[in-house]
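Dropping the structure in here first, questions after.
Residue numbering begins at 1 within each chain, and the chains themselves are lettered A, B, C and D in the order written.
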């Protein structure tokens, strides 16, 4: 007997609090003085900061006020203290890059019970705990495109490895799932994923993990590092080692971090979306929610300033767009 | 220095921390809206739950001049185990006792290494800190397990009906009373202080030093594991990296409470005041939109000041000037 | 009444018991470093056998580079630990120095001023710890735990999510981090120099021995007229300076810094020191041991990766090996102590 | 004497909180003279010493060096001024070699100011030669017996070839021939024109060694006078301020059945094949040279150290090896030889220390009754005439002798059936010593079996019904009271016995 997983999951999930909310009024004007709070994974992660600052800028456009608060360690528990605080302070919306999809769920529900709108971005929270997820790019597209990118550079042959962030990072793991699916296709039959290593989004750890990979797998042809910290650390090691030119590296990185390595030909191509647009879109989406333009239901649309009209996809996702590929030809046009 | 001033110091020390606590509370409730609300306080408390629980066991250890740095890892391991077993379809009623048992074993390992081999506990538990955290990853890897039974989650999250006190804190209060009595009023407590101050003397006086130390480590492991269960249910997410690094927070609270790391001195009252002070202050600073950086600076200064003040006082107090430094 | 024991009674002039006792004692002390070297050799041999790459020039170079910074910190830490104190703030100091130095260098400072500046900051932190511990006589653990938080806070405050990239740094610095002379990279050389200097000073100079005296018995040291406060202050100063230098080297090595370099390293450093046979209770051990400890820990880390151990097992194994190291060391010591006892009678 | 005193105190007072350790005390140490210092426990002798050594600063009054006032900022200054001190409690660095302990801060140098180890060890050997000590300069001082520690302290002090040598109860831990060795060295130094201050509770030592003697009572100066023409009783009267009962009053007691039976006890490398019995009402002395293994036997019997072979029986109950708890439950008590490491928790109060051996007895329900704890402490403090301000004071501030009384109290409070006392009167003044002896024989009278380890022959001969003599870790002889003489005991102790 006893309480087991099956006996619990059998019980119906409680419906999202927002389902009771009134239907959307697309023409409602954006309210003024909306109070937004960005809660990144970790306040000293440069990428997150770029996103949030863009979001805070955006808020000015619709005369809202936005701020960024967050923990100095990327742990779910410390993020939760902040959710509670933000709830106490009574904001209109909380924008969160969840460190743990489920851990943040309870507190987020409490916040919504107080009428606070929840928008997750960068890394999603459990769907029933937020109104919207602003997805930098469809996870499937990111995962598959990364593999395609690498494949064409090593013409579909050889051992490859993945250098991820923390073992528990939700977005990383979904992407890796899709990469594996993509690799299962026949055209990749000569490519072999030998290892997934974890750099914990820590520069020095990613650096040494790369060393390890290259020593452990002498025949390694390519590395995918779908995290800005990881890819730059890996690039730095390779550029300074005998492996430069022998091993192909790609992943998700910011132009400023990667520029020197593209120039010294350690890295040929890498991808990313524009993190500023991500923050910008998230900000507008939150405003739209607060103003009642949308409720988070599939098919609703809202205007996201300079990014134009956006439509809410299935289970409350808004997708920023396809990832953009940087290379020597275009990298100098970007500064972030 | 004579015992007089030492005991005096310890006394003034935890009194100081306690009064600081009151000051923070008053300042908070007057200046910061939303601080003194039951909702916030009860959250602030439950946010402290695990640290407070572990601090109880840690106090006894430190009084006996030992330390257990592996507690956070034990917490993580127990969380990972809960996740793995739960996913494996076991009943929560069987999981919890099992996990707590594992915690006891972890403590036992620490204890045996310290008492049988006579290794310094700081060294041993740094080792097991890595080992147990590692095992947590071995157990659960990169998975994060969720959907725990609402009934049990409620036990970890909800308040005792009619009070702003979450169940874990209620448990803590209960245990605190017990530990308080044990530490300050029983022969066992007396022997702890003796062991901490002069282990050999205690041994010569027929105190079962090794057995007692072993017991302390087992208790510490058990409590940490149980804290792990609470942690997991409270966040509704079992992960290998749960509670990463909170051992320092626990130590900070214990030291802030005036327990001397060299053993033999300190009171439980002080420790409780220390835990609450750190917790409430942090909560207060957050509400006041003080950034994380400043928060950690404040925490640090607090630690330093709490030990510095009594020293300076005792240095200038002529009554206490014994041998010149 | 009289048995064989009385017949071997040693005349007071010279005591054979003492002699053999001493050589045994020496053996234990050498054995501390010795057992480390052996463990290291075994580890490298096995790993190398499984994967020759491990012993390739690149492989060796990587290990040396990875060790350099940890070893430097371990050396500094062990000076403090030998005086029966502790410095938990080293990790934060490295982080702060790495970032601030990067900041000033990026803002156009010259290499030398920048490096000096970085080390100076480290020294300042050490001085702070030292003053609090030695002159205010407050428990080292509390103080340095406090400064750990404070310095980390300051670091994060200054960095606040900024990142400083290699491109913004003077090439000279980066070549210091990755360049080498005669195939030996600079970083390990720098560490080696400091280790030898400090180690020799502690062993061969009267003031150096006083660090051991203090750690062995602070009260006795005071009565013997040892300037306890000054030495303890010096210990923290050394630890601080080396942490500062480590911060600079960190920057030189990794090129890119954000606010949290060496975050949480304090425990790793202490592990290295402990594995190196420096008694956490003070008075025993050498900086050589500490450095070896650092080398061993790093090598274990790299070896596990090279041996393709599942990443989830790596940490567990590291922990287990750490425990093994100190246990073996301890058992050995106890064995010898027993021998000593018997010899001291039937010499 | 025309020449000013080498070192002197003029009207010095020193208080510790409430305790007035020295009140307006003056003392003059002259070159070429050995000055004795006598006084009860807590009279202020060690405080005086520490004031001369620059450890304490006087609250009022002056320290005079060669007639000139000096303010020693710390021990270092005093050492610079040529003052060498042997403190009452050994202060060694356990992890450092014996030689380094002796030369810390003054190591012989070679090029570039580096330590010249060879020279250092050579000089240490030479020092030990003078003192007739068989210790290896390069062995760590950890694990040295308290006596060996004391010898190292002496070597340390004389190595400073100082102008002033101060010795605070240096002989307390020593037995016969080390004492004579020490005295000859002291004599030599005195003839070289060194000024010496010598403290001992063994009055005859003062009479043999010193030319002048100063007496303190309760921190106050009583007299400074030449030794010749002075009798023991005069001196005792000055110290105690009253007549003191004659020493060693061991009355005959009815000797009952065997209480402690030790058979073929052996601990590898420390002692071998030790067998003896102690009967109720008996006081059995365990004599021998320092390092003979007496304390080790005691430690093993009480379960501190494990024994490798043999058995220990208390009142017919056979003890397990290595369990003090079991020993205590069987009615055994051990007053250890080293009160700082083994006897007392210095940070704890007097009452807590005395209570430590009775945690079970003091229980009322689950918790300790503070009243019971206090009563137990007060009762014994009074019976032993302990000099204390409050029972809640830390024992750390008590004088050496008073600390020893607390240790005794702590163990007597367990009302043992077998009492082992290791150097029970070490550092205890005549008055108290008589008291302790009276106590021991009283206990024996009550049918307690007493095993007394002592390095003091008069004590041994005075107190013991039987004398067991150890040599090189073996029982060398068992001498009944009637035949026990200085000669018989010493010859057995030095292995000359048949």
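The criterion applied here is as follows: a residue touches a chain if its C-beta (ideal position, glycine included) is under 8 Å from a C-beta of that chain, and two chains touch if they have at least 3 such contacts.
Values in this document were obtained by computation on a predicted structure and should not be read as measured data.
*Asks:* Name the chain pair with more contacting C-beta pairs, choosing from A-B and B-C.
*Replies:* B-C is joined by more C-beta pairs in contact.
*Asks:* Quick one: chain A and chain B, Cα centre-to-centre, how many Å?
*Replies:* 35
*Asks:* Could you grab the centroid distance between chain A and chain D? Build each centroid from C-alpha atoms only and quote it in angstrom.
*Replies:* Centre-to-centre distance between chain A and chain D: 74 Å.
*Asks:* Taking the mean of the C-alpha atoms as each chain's centre, how many Å separate chain B from chain C?
*Replies:* Distance between chain centres: 29 Å.
*Asks:* What is the distance, in whole Å, between the centres of chain B and chain D, each centre taken as the mean of its C-alpha atoms?
*Replies:* 43
*Asks:* For chain C, jot down the residues that touch at least 2 other chains.
*Replies:* Correct list: 152, 156, 160, 279, 311-312.
*Asks:* Could you check chain A for residues that touch two or more other chains and list them?
*Replies:* Touching at least two other chains: 43, 72, 167, 198.
*Asks:* Using the touch rule from the top of the page, what residues of chain B touch 2 or more other chains?
*Replies:* In chain B, 137, 141, 245, 291-293, 296 touch at least two other chains.
*Asks:* If two chains touch, include that pair; go through all of them.
*Replies:* Every pair of chains meeting the touch criterion: A-B, A-C, B-C, B-D, C-D.
*Asks:* Which residues of chain C touch chain A once you look at their complex with the stated criterion?
*Replies:* 51, 53-54, 56-59, 62, 66, 152, 156, 159-163, 165-167, 178, 250, 254-263, 301-302, 305-308, 311-312
*Asks:* Along chain D, where are the residues that touch chain C in the complex?
*Replies:* Those in contact with chain C are residues 53, 55, 74-76, 78-79, 85, 87, 91-96, 100, 104-107, 109, 113-115, 129, 132-136, 138-140, 268-270, 272-273, 471-477, 495, 497-498.
*Asks:* Please output the residues of chain B touching chain A within their complex, sorted ascending.
*Replies:* 34, 37, 39-40, 43, 47, 86-87, 89-94, 137, 141-144, 146-153, 157, 231, 235-237, 239-245, 282-283, 286-287, 289, 291-293, 296
*Asks:* Tell me, which parts of chain A touch chain C in their complex?
*Replies:* Touching chain C from chain A are residues 43-46, 48-49, 72, 167, 195-198, 202-204, 207-209, 211-213, 215-218, 232-233, 236, 240-243, 256-257, 259-260.
*Asks:* Inside the complex, what are the residues of chain C that reach chain D?
*Replies:* Against chain D, the touching part of chain C is residues 1-3, 5-6, 9-15, 17-19, 21-22, 25, 204-206, 209-210, 212-213, 215-217, 219-227, 279, 283-284, 338, 341-346.
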